[in-house]
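In what follows, structures are represented as structure tokens.
Note that chain A is present in both complexes that follow, paired respectively with chain B and with chain C.
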Partner chain A sequence: MSDDAVYVYAIGDAALAADLPAVAGVGGTLVRAVGSGALAAVASSVDAGEFGEDALRHNLEDLGWLADTARAHHAVVDTVARHHPIAPVRLATVYLDDANVRALLDERAAAFTAALERVRGRTEWGVKAFAAPQAAEEPQAAEPQPPAPSEAGPGTAYLMRRRAARNRAAESRRSAADAASRLHEELAGLAVANRRYPPQDPQLTGSRDEMVLNAAYLVENAGEAAVRRLVEERGAPGLRLQLTGPWAPYSFATLEET
Partner chain B sequence: MTLAGTDDHVALVDILDRLLAGGVVLTGELTISLAEVDLVHVSLRALISSVQTLVDEGPE
Partner chain C sequence: MTRGGLPVPNRADPPAHRQESANLADILERVLDKGIVIAGDIRVNVLDIELLTIKIRLLVASVDKAREMGIDWWEHDPSLSSGHRDLTKENRQLRERIEALEARAADGDGTKPPDRHHEPERADDV
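And now, the complex of A and B:
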């Protein structure tokens, strides 16, 4: 079970082999380039025992293993992407040996080349929007005041206040979601491609505020300032925005079948 | 606003969004069906939430 296998992080131009940054990959082994033709894979040797189908299924459920592997994978992709255009490969893509990686590069050369062209000179940015509950003590002007019929007892009045508060919360959530949708359209206009992810669970974000947008945008390198400006401008008391990146183009590295 | 840069403070949950749902999908030889990772993802989220501390290193 201690045989070596070859973990692939990303595909890039053959030129990256000449000055690949010295970065440790999954399991601590330095990455290397495995090249064929005009392409090269960024790869490192890993213990095959960890990545067999059964072992992988088990390991993916182990948060410690997953966190270490994901961070190591990300460190490689992130470091290499600063120097070279690359198409990142999904987590835990493992081959038996270098020869098989070369065969893959040859077999899918056209698709890899097209994927690289899509991301060359472009950067991925992440934007998350949260509906931030407002300190809504002051009644809002637009809110219809509940009638206070003289026959309503204190219990009824309490329930009506509760209902009004709930309505206010729902309204503020809706308005944050609308603002986030408008922001998404604006960001999509600045980007060459965009992708929405499911909102992250509040338990994972560590924020009680509801996430109303979790999206990635592929932007020309020159467009960074415009993205930053838009995110800074669109934040509001009820809408908390978080910009992440620059990311390697994880969300936009896809192979189109020909 | 927090700008999670390309340092150690990048939130694990943001990395996982991308590493489990993004990236070029290839059929690795040791991992027969990578699409299954998507299924695992669901249970992962439950798992991660139960081990909050590891995620809390994310930006506050």
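And now, the complex of A and C:
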């Protein structure tokens, strides 16, 4: 490879250079630390062709490439975050050489240090809540029973049952959404900061249950047990909860412009 | 590194014990949309990535449409697809079909709900 560029995954303390886990980055090359002053960037060399301006623009539109790159990026961030406090950098942040990375660290040192301080000793947890239809709501779905003869006739009776089932579903969805909002407030109380994401599409989650909460919480490392307990306790037949993490503090690594 | 064929980058997968539930959607949400935003030397400017994020959202929001376009990476992603999902899809399609049939049955007589003499046959009609 004659032409390398430098892909940056995260910013951390200079100390991480001495103890960086051996993990391969987006191009398959091992990550390394590029340090300056009190800070270091977790980086790896990538092919300047694949990550050049035009190629990158094109590649980012290729969902297969994007999925691979996102996974590799995440693998690095996730692994390093287990050993060192880091502030993850957004996908596809690429520099021409190490010198430019060092210049960046120097130039934005104050902002990076502040970002790092906000996440140090803290972990991100993801919580998703789904409105889970209860089995009792679809009594006819599993086992088609002959409808009881009534004055209304079987067709009308059937439609009425369907409508009632739909009303029950809407009601349980509403109550699940309310419960999820209350849970969010409780989790936010345990957290230093929180962010809500848009709910994911049922087809992507592989569940036909509607997602009513998709949020991330930045929690002191010591607060893990409390978060786990709360999520365990608040799950109910109509409210399925999913805890993800620990995540590197992706959702909370931000630069405050001065 | 490999015996002939394509070089396989030795990408470390996220350890399962740490990220039990990290699926691709969760990862994309974070690596694309969050994290420190700094302008690299390679200018894929921020607006492009934001546009891309919107695109992904649209795709994510209409997976069927994406599949029509031949974009189906999540089908090969074990955390996003499974036999269970197919069953779920089939269930949904059946439900939709039933609803369509009901709607047709209801429309058949104008404003009146269907009455007993043609409701059962409708189901066999199709």
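Criterion: the second predicted complex is superposed on the first by the 230 of 258 C-alpha atoms of A that agree within 3 Å, B and C clash if a C-alpha of one lies under 4 Å from a C-alpha of the other, contacts with A are read in each partner's own complex, and residues count from 1 in each chain.
Simple rule for what comes next: a residue touches a chain if its C-beta (ideal position, glycine included) is under 8 Å from a C-beta of that chain, and two chains touch if they have at least 3 such contacts.
Quick caveat: nothing in here was measured; it's all calculated off a predicted structure.
J.: Tell me which partner A:44 touches in the superposition: chain B (first), chain C (second), both or neither.
T.: Neither partner.
J.: Once the shared chain is lined up, is A:27 touching chain B (first), chain C (second), both, or neither of them?
T.: Touch partner of A:27: chain C, not chain B.
J.: By the touch definition at the top of the document, which applies to A:194: first (chain B), second (chain C), both, or neither?
T.: neither
J.: Is A:246 in contact with chain B, with chain C, with both, or with neither (first, second, both, neither)?
T.: A:246 sits against chain B and chain C alike.
J.: Let me test your reading of the model: by the given contact rule, A:172 touches which partner, first (chain B), second (chain C), both or neither?
T.: Neither partner.
J.: If you stack the two complexes on chain A, which partner ends up touching A:235: first (chain B), second (chain C), both, or neither?
T.: So A:235 only meets chain B here.
J.: Do any residues of chain A touch both chain B and chain C, and if so, which are they?
T.: Residues 5, 8, 11, 51-53, 56-57, 60-61, 63-64, 66-67, 70-71, 73-74, 78, 82, 87-96, 100, 104, 108, 112, 115, 126, 195, 197, 200-201, 203-206, 216, 242-247, 250-255 of chain A touch both chain B and chain C.
J.: Help me check something: in the complex, which residues belonging to chain B touch chain A?
T.: The contact residues of chain B facing chain A are 1-4, 6, 10-26, 28-34, 36-37, 40, 43-45, 47-49, 51-52, 54-56, 58-60.
J.: What does chain C use to touch chain A in their complex?
T.: Contacts found on chain C: 7, 9-15, 18-32, 34-38, 40-44, 48-49, 52, 55-57, 59-64, 66, 71, 73-74, 77, 80-82, 84-85, 88-89, 91-92, 102, 105-106, 113-116, 119-120.
J.: State the interface residues of chain A toward chain B in the complex, per the touch definition above.
T.: Those in contact with chain B are residues 5, 8, 11, 48, 51-53, 56-57, 60-61, 63-64, 66-67, 70-71, 73-74, 78, 82, 87-96, 100, 104, 108, 112, 115, 126, 195, 197, 200-201, 203-206, 214, 216, 231-232, 235, 240-247, 250-255.
J.: Can you check the complex and tell me which residues of chain A touch chain C?
T.: Interface residues on chain A, with respect to chain C: 5, 8, 11, 23-24, 27-28, 51-53, 56-57, 60-61, 63-64, 66-68, 70-79, 82, 87-96, 100, 104, 108, 112, 115, 126, 153-156, 158-159, 162, 195, 197-198, 200-201, 203-208, 216, 242-247, 250-255.
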